[in-house]
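First up is the structure itself, then whatever we jot down about it.
Just so it is clear, A, B, C and D label the chains in written order, and each chain counts residues from 1 on its own.
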Amino acid sequence: MMAKPESRSLDPRNTARLTISCPDQRGIVAAVSQFLNLHGANIIHSDQHSTDPQGGEFFMRMEFYLDGLDLARGPFEAAFAEQVARPFGMTWRVWYTAQPKRMGIMVSKYDHCFLDLLVRQRRGELDVQIPLVISNHDTLRGDAQMFGAAFAVVPVGKASKAEDEREQVRLFAEAGVDFVVLARYMQILSGEMLRGLGVPVINIHHSFLPAFIGANPYRAAFERGVKLVGATAHYVTEELDAGPIIEQDVARVTHRETPDTLMRLGRDVERQVLARAVKAHVEDRVLVSGNKTVVF
Amino acid sequence: MMAKPESRSLDPRNTARLTISCPDQRGIVAAVSQFLNLHGANIIHSDQHSTDPQGGEFFMRMEFYLDGLDLARGPFEAAFAEQVARPFGMTWRVWYTAQPKRMGIMVSKYDHCFLDLLVRQRRGELDVQIPLVISNHDTLRGDAQMFGAAFAVVPVGKASKAEDEREQVRLFAEAGVDFVVLARYMQILSGEMLRGLGVPVINIHHSFLPAFIGANPYRAAFERGVKLVGATAHYVTEELDAGPIIEQDVARVTHRETPDTLMRLGRDVERQVLARAVKAHVEDRVLVSGNKTVVF
Amino acid sequence: MMAKPESRSLDPRNTARLTISCPDQRGIVAAVSQFLNLHGANIIHSDQHSTDPQGGEFFMRMEFYLDGLDLARGPFEAAFAEQVARPFGMTWRVWYTAQPKRMGIMVSKYDHCFLDLLVRQRRGELDVQIPLVISNHDTLRGDAQMFGAAFAVVPVGKASKAEDEREQVRLFAEAGVDFVVLARYMQILSGEMLRGLGVPVINIHHSFLPAFIGANPYRAAFERGVKLVGATAHYVTEELDAGPIIEQDVARVTHRETPDTLMRLGRDVERQVLARAVKAHVEDRVLVSGNKTVVF
Amino acid sequence: MMAKPESRSLDPRNTARLTISCPDQRGIVAAVSQFLNLHGANIIHSDQHSTDPQGGEFFMRMEFYLDGLDLARGPFEAAFAEQVARPFGMTWRVWYTAQPKRMGIMVSKYDHCFLDLLVRQRRGELDVQIPLVISNHDTLRGDAQMFGAAFAVVPVGKASKAEDEREQVRLFAEAGVDFVVLARYMQILSGEMLRGLGVPVINIHHSFLPAFIGANPYRAAFERGVKLVGATAHYVTEELDAGPIIEQDVARVTHRETPDTLMRLGRDVERQVLARAVKAHVEDRVLVSGNKTVVF
């Protein structure tokens, strides 16, 4: 019977996540689950999504125990590539959870998103390492030190921006990062920098995009007299505030607010939205689909 | 003792609401409350707001029992105008709740906001009369009849729009309306029509304004990949979707939605947001402040 | 190539939903998806959940086109039972969406949940037929008629309750219902009646369960001074307000509320929560797991 | 004209808050606002609430600039007591915002509420001083030190509880605190201790009270299968989790949660709810009305 594989205890830290995207077609789930089953993978979670079963795009995320696997990582991935990924034309990736992602952070002077990430990392809510924090100001050095995070200041000047960005790219490359979070970093990253980093970059924008793109959204929200303020976490692309949205939320406000109180209320939304987006990214729950995201 | 005025039972239906706006200055609350007190008004609710105590605008709403009043309506209003409103430069109004507001409705083919208003009116949640519903289609005639509301069809043609609008204005004038609600009316009202109506017009827009102004916001929301869809109730001004916002809300959506499911989820937000805005308007809780609202 | 099955247009109304629960074990997803694939089923949606991959319970819901199927319904189900369901010890069911579920409704005097269900059914949001509405009062007969729903009054007396319930069961059996919704029906159903009905019964309770079980929850909420009022949709079991919860939500309230305004604000939450729960049930998204639910 | 008092700039830090409760009766607002006006107070905000204009309780909060006042604090308060408070039988208090409230904190091992309060205090969101943190464990000493807060450990034993509480009371008395916050302090305070402290004590309970009173609410929520988890901030009274509720909120959860993930999701609600409650208390927005609160 099938009870046997379950009879020994599986290590909940020794798991992997397989993410897949490909043109939708018949037999994908069968092929993937059969492959995993054959090689002894115990599936913990499985999520699928199709933008359209007829000619759309298919997305899948599977989380499974490695303990039961009959192949080492290399041969396992090679077999999957050959037997499953190639026939279906898949873009795919395996992430082994034993290895925490390395998260670079960029900040300016606001502490709320930054501290929230540091605390969650310390508490184990975010399974990441933080090899480097880069800021264009010295303001938050003390906070970084409190939580044991390396902190580098790279001032960004108008004239020297290209050079400053190259220095930032160099520092992140040296530190080794799997992704970068802009935790209220008040500079726009150029296309060159994004290409230089070569890893996903997550930004938190302090409005409910696409409302109030650009600078001073709380001032704009105040002037428009909205009854909710929002925040949006998105992957950064070259076009300002236009990348794939990962997470959004809002808070109710009233006629009593000033731009200052909007900012204060918004801060709580920002840090929450960013934390959810970063956690989803860290756990490989976010798959990009054109300029949108699938969040499992 | 002061217990005496309370010893007889006051009629909760026989109340009035006084709304005031004026430049903020010292002594307004004292003057208003002293005036009401002197004339025997028992205050039920009182709300104030100042955009800035130094040079800002002041807003006030007071609800009081009429039973205790020592003056009839006319002399009461005249005395208030003379003794309080004039010295402080107030814009003000008294609404007597014994007289329900007369609400005109404009609809096209969508039933969700329309039925919600009809049901709430029947149930007594909205203290209004509905003397006339005007539509550019015949679709919702049956629903209007189910709830006993007069229903007129005025088709709006591209060439005849000015004339059609004059007919609509004429019908509403004939019916006598205190305000008009666009319950998903799919035509833009011209400035001429707004001036012709001469009463506040409330619209429900099916997005979180200022995101997705104009036509097809659910399609636009789908294409942008937002994680929340919203609705906005606002007073109509000549500029499209730019009038003072009364109420907004959102609903969470996922990557699974299609434009159709966004529309379905959005309908529930639309009718709720519109109902709250209309109720606030009906109860004289909304004061306009430039292009914003104070909602008590 | 695999594009062929997609090349002809599949009928989006001709689909089926397969729901499964069984002890979790390796190979379930592979077996199910392989079976569907072999028989030409085009999968639209697939959801899985395991309470624990080691010794827990496994739940699955698959939605697929019938157009591609190489077997008729009977042989398809027989083959599935034999080849997949039996080896894994599955509790399972197939629902063919071409056949709308038949929803019985029980109401008393409150109209808000009742009208909401009727409107959603008419609009096509709820894919159900409503063969019969039973009430213990005549109050809502007119509303039932407006929407073309058969309406029977069965007054429930203290002494005659057992007999009255048998009559209700008889009427629903005669009408043929797949499930029953208590849309603010103000009587407690006995165990005998639940067994007599033999179909799932969904209730809307006007509080955030398990707070305020039993009668008068708005009064109790008022007296406790809560800052949110809630509603809970759940399957009915013999124990009062203790069945598996399908959906819950809340609305913010303030110190200004009276029991009456709490009730009014709560009504909007009740109808929304009930509608979501009924829709999820109708679409076979709710699987019961002990005294809890999995809602896909 | 009246523009003169506004012509000089008023110090926004030099304000006072007057809170009042008394039996509702005619003339209260007139008397209070007239008194403030006569003595040159510029009113910034004013809120009122009556549980019932006929025989209910009346609550008021006024915030005003001190700059314009024609009396010093002592004579001002004496005059108010004599001329206004006594005739109306008021319970009242003036708080001068120039003097931040002194907040004592009690914690055990959880850091989320504690750090949130420390960060908000540092950032100026909470206008308080933190003269002392008492814990029954040494765990959070480092965090207290990071933010410069004095930290005392008073272990609480079963046998020595009365004595331990007296030591805690002594330490808080020595430090001088205006109120105490239990930021997930895992001990129940005795009536003796509450009387000994003699100041308001705010607790955060990790459920939507009155659901899940007592220990392990996340475990209980998991077992009941709720679809929302909540948190409740309330004033502490002798009866466990039964004091006046200041603020509540919830977060949506699914069948996927474990007790651990419920706890994680709940943490974000707890810190937010506690922060809002503490801020409201600090700004004198919370008035107690029997076992309920009025939150302006």
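In the analysis below, a contact is a pair of C-beta atoms (placed from the backbone, for glycine too) under 8 Å apart; a residue touches a chain by one contact, two chains touch by 3 or more.
Just so you know, these numbers come straight off a predicted model, no measurement behind them.
Chain C and chain D touch with mostly matching residues; of the residue numbers seen at this interface, over half occur in both copies. The chain pair A-C and the chain pair B-C differ in C-beta contact count, and the higher one is A-C.
Distance from the chain B centre to the chain C centre is 37 Å, each centre being the mean of its Cα atoms. Between the Cα centres of chain C and chain D there is a gap of 43 Å.
Residue positions of chain A with contacts to 2 or more other chains are absent. Across the interface of their complex, chain D is touched by residues 111-112, 115, 119, 123, 125, 146, 264, 268, 272, 275 of chain A.
Contact residues on chain D toward chain C in their complex (touch as defined above): 49, 208-212, 224-228, 230, 244-250, 254-256, 289, 291-295. By the touch criterion given at the top, residues 2-3, 5-6, 9-10, 24-27, 29-30, 33-34, 36-37, 40, 42-48, 50, 53-55, 65, 68, 252 of chain C touch chain A in their complex.
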